[in-house]
Every structure is written in C-alpha cells, then in structure tokens.
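The letters A, B, C and D name the chains in turn, as written, and every chain counts its residues from 1.
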Amino acid sequence: MLQFPEYVVPDFSREPFLSAPDASFAPAGEGYLPERFYATTIYPEYFKIGGRWRLLRRSRMDCAVVLRGGEPVAVEPRLVKPGEPVAVGRVDDGSRGVYVHADCFRQPGAEKPAAAFAFRTGRSRETSFSQDYDALYELLRHERDHGYVVWVLGPACVFDSDSRAAMAALIGRGYCDCLFAGNALATHDLEAALFHTALGQDIYTKEAAENGHYNHLHTINLVRTAGSIPAFIEKYGVSDGVMHALVREGKPFVLAGSIRDDGPLPEVIGDVYASQIAMRNEICKATTVICLATQLHTIATGNMTPAWCEAEGKIRPVYFYSVDVSEFAVNKLRDRGSMRVRGLVTNVQDFLVNVERGLR
Amino acid sequence: MLQFPEYVVPDFSREPFLSAPDASFAPAGEGYLPERFYATTIYPEYFKIGGRWRLLRRSRMDCAVVLRGGEPVAVEPRLVKPGEPVAVGRVDDGSRGVYVHADCFRQPGAEKPAAAFAFRTGRSRETSFSQDYDALYELLRHERDHGYVVWVLGPACVFDSDSRAAMAALIGRGYCDCLFAGNALATHDLEAALFHTALGQDIYTKEAAENGHYNHLHTINLVRTAGSIPAFIEKYGVSDGVMHALVREGKPFVLAGSIRDDGPLPEVIGDVYASQIAMRNEICKATTVICLATQLHTIATGNMTPAWCEAEGKIRPVYFYSVDVSEFAVNKLRDRGSMRVRGLVTNVQDFLVNVERGLR
Amino acid sequence: MLQFPEYVVPDFSREPFLSAPDASFAPAGEGYLPERFYATTIYPEYFKIGGRWRLLRRSRMDCAVVLRGGEPVAVEPRLVKPGEPVAVGRVDDGSRGVYVHADCFRQPGAEKPAAAFAFRTGRSRETSFSQDYDALYELLRHERDHGYVVWVLGPACVFDSDSRAAMAALIGRGYCDCLFAGNALATHDLEAALFHTALGQDIYTKEAAENGHYNHLHTINLVRTAGSIPAFIEKYGVSDGVMHALVREGKPFVLAGSIRDDGPLPEVIGDVYASQIAMRNEICKATTVICLATQLHTIATGNMTPAWCEAEGKIRPVYFYSVDVSEFAVNKLRDRGSMRVRGLVTNVQDFLVNVERGLR
Amino acid sequence: MLQFPEYVVPDFSREPFLSAPDASFAPAGEGYLPERFYATTIYPEYFKIGGRWRLLRRSRMDCAVVLRGGEPVAVEPRLVKPGEPVAVGRVDDGSRGVYVHADCFRQPGAEKPAAAFAFRTGRSRETSFSQDYDALYELLRHERDHGYVVWVLGPACVFDSDSRAAMAALIGRGYCDCLFAGNALATHDLEAALFHTALGQDIYTKEAAENGHYNHLHTINLVRTAGSIPAFIEKYGVSDGVMHALVREGKPFVLAGSIRDDGPLPEVIGDVYASQIAMRNEICKATTVICLATQLHTIATGNMTPAWCEAEGKIRPVYFYSVDVSEFAVNKLRDRGSMRVRGLVTNVQDFLVNVERGLR
C-alpha cells in the first residue's frame, strides 16, 4: 500500500514563531519589486500577517509574495502591479515573520528519511532503476483515482510507433490529466496519424518517404485549414496517437510556442509568458509530474512546481520525474536545487513502453 | 588567402529552363496555404515569372513563396495574407518553372568538391578539429571587414570568467555583428558584472555566494528598475561582460524569450514569432553564424539560415558553426538536412578562449 | 517467418576470375609480415590457389592470410610463424587472385537492399527502435534452435536487480550460447548473489551497505578460496544471477582481464591476447552477437566478427547489436567500418527487461 | 606562489592511539586472504606494530596489508604469498591498531577547507573551469622541477595534429615524467609520423587516404620488423609525435595491452596484471596524474593512486585530473569514492592545446 510521507505541521505556539513580528511588506514599482524583496522557494512557506501564520498557497519558486485581500499570494515579479505590497526581507527562519518549512515531510513509521540520500545523489546510466519503476507504477495507480498527473513530453516521444502508442494508451486508461508540450510534439504526432512518419521518416520502418519533408508542413497546413486540432481530428478521421487520445478523453493540453516552430498549430501559444501562466494554472493542481526528453520544458516546469501540494485535504509531496538519455539533462534540475527530482537515465521510448506494460 | 567557392550561375538559355512554363501560383486561404504549396529549401531557388527566371532573395527553409509586386518573396506560412498568390507544385528541377540550385558552388581551381565529404559526415569527440579552427580564424578575419557575423550563445558561455571575457573581447575587436540569445545569457552576464556570480556561484572560484540564488533575481529587478539594459549598464557602471561590449560597440542583439525565463529583462521578446521575425531580419544579412551550447536557438537559427548569401555583390556560402559538448546536439541540425553545418564537439568555454587567442 | 537474405555465390567461370593468376604469397619474418601483406575484411573473401577459388573460412578483419595445408587461413599477424607463406598484394577485385565479396547478400524477393540505408545511417536517441526490437525477437527465436548467440556484457547489466534477473532468465530459456565479459561483471553478479549489492550499493533500494566497499573484495576472496566460480556457487548455494545461470545451463563464458581488475576471479584470463584467442574461438561459431554497455569489449568483439557465417549448411549474415546510452559508443563501431551494426541508444537495463518480456 | 595544504601529523600520544592494541594479522591461504582481511584506502594509514604506529608507504586502494620484515606493505591480494601475515579487522579509527587518516590536509592560513566542497560536487559542461586551468598551470610549473607527472592518454589525443603536437611539446619542455597508454595511442601516433593519418584519416584535413585502413597495420608491422619503438624511430627518421618525444627525452612509458589490440607493438604488455605492476611502480612516484579521454586507463590508474604522496621529504596531496567530453566519464571515478578528482568536461584536443599555450 502506497503511503505518503506525513506533513509535519509547524508548531506556531512556540518560539521563534510566537514573538516574531509580522512579515514586512513594501510597495512595488512600475514593473519592478522593492529593494530586498523576498523570493519564494519550493517548500511550504508561512507568513505572519495580522499576528497569524498563513500558508502561502499555490506557491512556486522565485516569485514575489504579494498581499492581496489579506492573503499572501505568490506572483511572478512581472505580474506584480505597481503599488502592491510585496514581502521584503530574507530571513526565513520564522523570527521575522517568514518561515520556510524545508524539512516538512516525515516517512511514516521511520525516524530517518531513508530515501532522502538516494534521491539527492546524481543519477547515471549505472544507477539501479528497478525500484523507481515499481514505485512509479504504485504511484500512478494511486494518482489515477486521487491525483493530477501532468506529463511533459519532448517530440521524440512520438518519433517511434511503440512509444507513441504507449503514451496514447496511458492517456486512454486515465494516467494523464494534462499534457505540456510544444508545437513539434503535436505536429509530428498528427503527421504520424496522417502519414505514419515523423519529419518524413516512417516511425516503424525508418524509411524516408518521398518528398517526406513536406509531411509535417502539409500536416500543419491542414490543421490550420481545419481551424483547430479537434476539428482536424474529426475532419480527417484521425484515430490514433497522443493528441487524438487527449481530445477523445477531454484532457487539457498546453502547447507552448518556441522560436524553432514551423506553423504553428492553432492551439500553440505564441507568447512565452502567457504559456507560463497556462502551465502554472495546471501545475497548481499537479500531484505528479513526469518529464520526458525535453530539457526546456522540463526546466520551465520544474521552476514552477513546488515540492508539495494539497490533495484530498492534506499536504503531501509532489513527485517529479525527469527522464532523459543524458545524465546532464536528468541532473540539471537537481543541480539548480529547484526540486527533489527522481531522474531516470534512459531512452524515453523504452520508458513509455515499460510504464504502459507495468500498468496493465 | 581565403577564397570562397565560386557560384555557378545557372544557364537559363538551355533546356529545361528555356521551354519551361511560368511557375504556378494559387491564392492562400485565411491562415493557411493552398493545396500542394511549394516549400523553400536552403539553396538558391529560381522562379520563372513572366518568362524570366528570378532568384528568390532573402530566402529561408520551409517558407511559402508569395508573389509580391511581381517579385517572389519567401514568407513564413503564418504571415501569408489571405488571397495572396502562393507558389504551388513540388517539381523543382526547372521543368515547371521552379529550380532549386542545390549544387551551386564550385571550389576554385578544383574539379572535385574536396571538403564536401568531410563536412557531411558526422562529427564526434574523436574528429580532428585543428583545420576547422584554422579555417575559422581565416574566415573571421575576412568577415570582420567584409561580412556579418551572428553569434548565437547559450547561457553557459558566461558561466565561466575566461570564456565570458573572451566573448567580450571578440565583440570589442569587431568579430561580432549581432548576438542571438535568451533571457538567461543576458541575465547571468549582468549578474556576473554585479556579483561575479552566475546563478549565485562565483564564475572563477565556483564558491557559492550566501543567499546567492537571489543574485540573478536581484539583477533582473535592477535592470527592470532602470528600464533597459543600456540604462542599467550606465547606472551601475558595468564595465565588463558580453552585454556591456555589445552596448558599447553599438551592436544589435535579439533576446528571445522562453518558458523557463525569470523576469524577463526589458529587451526580451515575449512572443516567439516576433522573435523569429527579429532574428530573421538579422540572418538575412548574415555571412557567418556561430552557435554555442544552445540547442533550441541553434535549431531555430539553422532553420532560418540559407546555405548562401549575397555579399560584396556576389553569391557566396553562409558558414554555419555549431559547437557543443554533445555529439547529438552538434549533429542534430545536420541530420535534419537543414544546413551544411561545421560541427565542433567541445566545451564552448575552451572554444571561445581558443578563438579569442587565435585571432590575436 | 524470418527469412535471411540470400548469399550470392560468385560465378568464378567468368572474368576476371577465370584468367586471374593464383594469389601471391611471400614468407613471414620473425614476428612480422612480408611487405605488402594482404589484410582481411569482414566480408567473404576468396583466394585462387592452384587454379581454384577457395573461400577463407573462420575469417576476421585485419588478419594475415596464411597458407596452411593448402588452405587459406586467417591468422592474427602475431601468430604467423616465421617462414609461413603470407598472402601479399592489395588488389581485391579478383583480377590478381584475391576477391572480396562485399555485396554478397540479396534480400529475398526484392531487388533493392531495402534495409541497407537505414542500418548505415547513424543511430541517435531519436531514432525509432520499435522495428529493431521486433526484428530482434524474431531473430532470437530462430537462433535459440538454429544459431549461436554471443552476449557481450558490461558490468552495469548486473547493477540493477530487474536487468540482472532478465539476463539470467534469457540464459535459462536458451537465448544465450556464450557470454563475453570481464572480471567486474562476474564479480558484481556474484556480489549481488551474496549481498544483494553491487559495489556495496543495494541493486534494488540503492541503499549503501555499511562497509559496503568490502562486499566485492570479500566476494572475490571467497571465490578464490573456493577455487572456481562453479565451486563457489555450489559452496554458497548461489541460486540467482547471470553466472549461476550460465553454470547451471553449462554455457561457456570468456572473462577477459583488464588493468582495472581487482582480484581477479579464477576464471579470468590475464593475458589479453589469450583472451582474444578464446573469444575468437567462440565468435567463429556466432550467428548473432549482442553487446551491451561495454565499449572495450564491443570494439574487441566487433573487430573479430565477420559480416557472415556458415550455419545450417548455408552462408548467412551475422547480426551484430550494440546497445548503449551514448550515441558515441553505439556509432563507434560503425564509424570504423568494421561491421554492419544495428545500434540502439538506450539504457541496457531497459533493453534487457524489454527483450526478456518480448520473448515470453 | 603555490602552497600545498599542510599534512596534519596524528598525535599518537593521545587516546585512542595510546592504549590501542597492536594491529591484528592472520595468515593468508593459497591465493586467498584470511577472513575479515583489512583493505586499504586512498588515505594515509597507520598500523600499530610492536607498540609503534607505522605509516603504510607506497599505498594503494583495495590492497591487503602484509607484514614483511616488520614493515606493513600494501600488496594486491593476488600477490600475497601463502602463509604471509595479513592485517585483519575493519575498525579503522585507531582503537584497534589501524588508523585511516582521512582528514589529513589543512589549507595553509585557513580554518575551513575551502576548496573541498567545490571539488566534491559533480562537474558538468556548465562548470566554470578557468580557475582549474590556472591552478593546473601553477601546479605543473612546480612539478616540472619538483614532482613526477604521469599522463594517461587515450588514443584520441593523437587523432588531431594540434593536440598531438601540443602533447609532444609538453613532453619536450619537461612537463611529463611518464606516460600510460595502450597499443592504440602508440600505434596511431607512429602512423601519424609515417603517413600523417590516424586510422587512415588525415589528422589535419580529415581526408581518407586510399587504402588507408592499411596504414596502422603497416605501421605496426614495421615496428615489429624493427624490433622496438626506439629502433623504428631511428630506422625511419621519425621526428615528431608523442612517442618520439618520450624516446628522445628518455621518459618511461607503460603500454598496457587490451583485447581490442591489433599487433601489438613490441613494448605492449600482454598480461594485464603485469601491466598493473608496471603502472603501480610509476604511480608510487607520482605527485600529479592527468588522465585524458580514456575511461579504462583512468579508472585503472585511479584505483592505484593514493590521495597523498611523499615528495621533498613531506607528505602532500597527489593531484589527479580527469578530462573527458562526457560527464559520466569525468564523474565516474569520483562516484566510486576512489579519489579526490578534479574533472574537466571538454574535448581533450582543446585541453592539450590550452595547457601547452598556458605553459609557454
């Protein structure tokens, strides 16, 4: 039986919390923060306001904390309005009204946080991953009914027929609540639905189609003609792939535009900061995040994902997986200290095929 | 003495050019192209219009060809206006009014294109790079006076004090006409100017500054307070680094936003398609492009860079370098067939230090 | 149904074979070959001797060809005896009595060698591997009854409990006829049998055992005390793992020593050239070779594996797989031109678990 | 001015040293050690023998400690003779007669071991290396006159003309006291001297020589004909490259054979355990070790290199550098805990060219 570590509720009836002053706030400027602004972390954070310790909800790293309606709110600095009161000061041990609760989870029935060490060390191709797979299967079975799983996919996930089918099956069976990707993933997934190719190369036989470089441009043009991905899927009778599964299951997706895009597809968001907002709105619900073979989206998502969430009325950890064939990519988030990340060093094709089989 | 390969001007007085019909055009829809639209390549392309063969100027790969004022113009599909005449048909051997001149350069004084093979094979850590460095030094000496060199930099270029200084020196000595980068490069370069750190870590001693994760957030806030990078540089007396060198030398830069950005800095362009336009406006002038340790920007730039340019009244090759510590990144552009790329597999720190020394 | 490409028997009744002279031979010196010695390739090679074209059996690349008892024999240069007649001359088109039959296989029912292209291009993390897995399953089912499969394993194959169990199961079900490895693989496999660790780290939980660095030294010492791996297995009741499966099934293994060895285990061969001989004796029987996560052993094995073999009275291809998480390692053999290699870029843990499941 | 950290001499007049019993010894068996044998570390180790604490000289990791002539001696287990007294017990805090002095160096004029943290964390392509280069230049200038520098080179070091010349120049200027390599490095270096190729490809232009695969086989044959590398160098008037520089300067080299060797060259040692002995005899003198692009030799050398040495009558650290383009390779030694390694993630070509320039 899956057991999450227990949240340790801080005892604010003790010092230094008890006699700490309220957190300090200063007004924002036009597009900038006050000097010595406080920046948020991935941990639960409490602010003393009007003598009461308040948990900062919907947090994310590197935000300003703004007082809105008496509540502390984590706001990206560029979204803070001129004159809003912004938390200032960088002492976070509770003595000045701000408390970062870094060591907030306790393993049930255990004194020492056993797994801590293993997850903090670097992952390499030679790390043993059997337990990580088993733990992930157990976790996803739980999340299907009780959590919110965000998948973050690089285009390579649909360059191979088996992994594309595996991801579609996982969506179909309820293991994906939301998808983050870019224009390329959606384009090549739909190209595969029409032509069985990605970038003009067959996703099973690897044969290059004649004039195959037109396949993705043609696909994009057809989707733009149809007006939207769902309209395209219906018009052309698309019946397989990742985008089809999402549309059929009614699951949301965020397609963030990038400077390498052709097209783009109609649903792709051109403004990266609008993409950030759309992504964060989903991440605020996330209980598990799984990032595959996309360094940019992984870092972007990691930056906005706190180490904790509220689910079923409780505070529990957010689980964050990063899977890539390169140690550098897998360990990058970890090195930035932005997350407790469980990294797997492998080809995402195999990862997806494994996970789909392991959940049958 | 540097000698460029000679451009072979097609002889349009011969068949199949002579009796070929004009290129065909069909009207665009609302946001989409006509069926069987023609898509551009990286090579010189000629379109027969009114019985005359016209070179498509300011080209880039994967564009539509639109007739504007009687001239063929390469236009990104999303920028084609409803009703505009768009070239259609995918025969490109000249017999139908469209000619892709793929084999357009001839080595001076040589029958066989000697270097062709070597540049087409994959590059690895075990490839010999001495000649590539020597050729690059010779090329850059030429370009300083006669060309337009665009550098495309990942943030790691400023994570190290020597490579940051080397890049600034190259700008100062006239070897950089334009910079493409993202918010991170500019932010960490300015962070280094203020704090001698990148992401809070000293760029020489590697020591972590206390509360160092604030350094880049603080830097961003100060630049936003100042209103622009030049205003910040002046206000805080910044006197070193890449951004300072660009501003001092009056060189343009394009900072393309991405979903992983904090901030952003004022000059960063939030809309990725606006970034593409800004980048392409510079690439249309480029004679040499050098991409360092940034997969996303390298692919984006590669996609919009043709294999040829017009400089000093002649058609000559564009030289495109991709430098990364990973074979996968270096070879990725090449595999997509989008460019004749000269790849170097190494750490960009050493590359920059080497190039700066080699050009003394 | 698996169909091998057909061997095209050369027609020696035609020119230039018919009027070609016999191959030339010159005597070897003391430890060296005559000037202009001929060196073997990975392809079938024929030598005209006494007016008859003779196939060089048990071939391998980069050998000398020595006449022994009237037969051409491929001999490593260091093993040629002083005075033996060694083939000389480097014309290999048949006109001088030596014929390299490079284009020797024809796909059944097809004119064009369809798969050739795909297997010659580089493999990357973004290559589609579904078909490679399917083809491998079909091949291994055939080989179990009709072939001879040599596995070449790096130590990481036993660093993970699932992959170690998968490999043992493959041996138990008849999919492995011989194992090549080094001291480390055998040591850590036996360490896992005793302590459930590899290099002191649990192969499932990743927990570091107390004083765990002793585990492998202790294991080696116990095996040396027992006198052999089989004796150790019996004495300590070992009942799982790769070495146990090999011993139980009576399958041969070659453990080649290297300069990084502790110990070594009793069966490890200290002299690398004796290891080469032991390996080549097995490779001469091989119909399929599968190399996992070991660059040194993969290159060594690749160098001695021809592109063809004789099995069931016919000449057919040898299939050679190289699996590694690094493109560089996977593509290295291919770049040296030494083999037609099918590369998969992935973590060998997943590869082994996949293959074991795919063959159930 | 270069200052080494100071060695902290243990105070054996205090507890627990004072009342500790002598270290325990038990007799070895035939080819194996007694139960609970003690295994050495990379740190200074002291054994109480006859009431006196004795430093284990010429140490290396994972050895047995044998009493020979009253002195503790670090002996590879396979070299312990039957009946010799071997240290037993695994308590190493001094209380049982064995003391591992792990924290033995103190930075001069500093309380905290400042550099410790930076060197213990993983190195990546994004680590700042400027200081590492500067420190290495300073160190090598010292070592030229006062130390013993062992270079460990993979074959890629001579695949490029500039890096091959840089290494030869470093040898010529006194910065290399001994070379470890394999058959391939020496072969391709001598091939380059004869043909200006490595594996048949020009080391400057990258052009493939006709029949170029013969170049290295031919080179090997000529060296074997000449009888030795020095004889070959003289006979063929070789005047450049790494091997030539070593022979001219009279510097020793150890060429360890491996299973991938062609040839081998006459000086190559076929027995890997004989190679280990030859290497360790040199490592016992080493004050600095620099390993470039060779995972096998780097690990082998790392395993036998202690963290300390005696030079100029003092105990000082051994400095160990590992340079490779792959993070995995660079960090591998560190992960095994076998050494304090300074890793640089870059192409060794650039590293060698940089170091040669930096030392001019």
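A few points about this structure:
We take it that contacts are C-beta pairs under 8 Å (C-beta built on N, C-alpha and C of every residue); 3 or more make two chains touch, one makes a residue touch a chain.
What you see is a predicted model, and the numbers here were worked out from it, not measured in a lab.
Remark: among chain pairs B-C and A-C, A-C carries the greater number of C-beta contacts. Chain centres here are Cα means. That of chain A falls 31 Å from that of chain B.
Centre to centre, using the average C-alpha position, chain A and chain C are separated by 43 Å. Taken residue by residue, chain D touches two or more other chains at 125, 326, 328, whereas all remaining positions touch fewer. Chain-to-chain contact here is organised exhaustively, every possible pair of chains being in touch. Those residues of chain D whose C-beta lies close enough to touch chain A in the complex are 122, 124-125, 327-328, 331, 335.
The part of chain B that touches chain A in the complex is made up of residues 29, 31-33, 37, 39, 62, 77-78, 90, 199, 211, 213-214, 217, 220-222, 224-225, 256-264, 270-276, 279, 295-297, 299-300, 303, 326, 328, 336-337.
Residues 114, 117-118, 125-131, 133, 156, 159-163, 198, 201-208, 293, 325, 344-347, 349-351, 353-354, 357 of chain C are the ones touching chain A in the complex.
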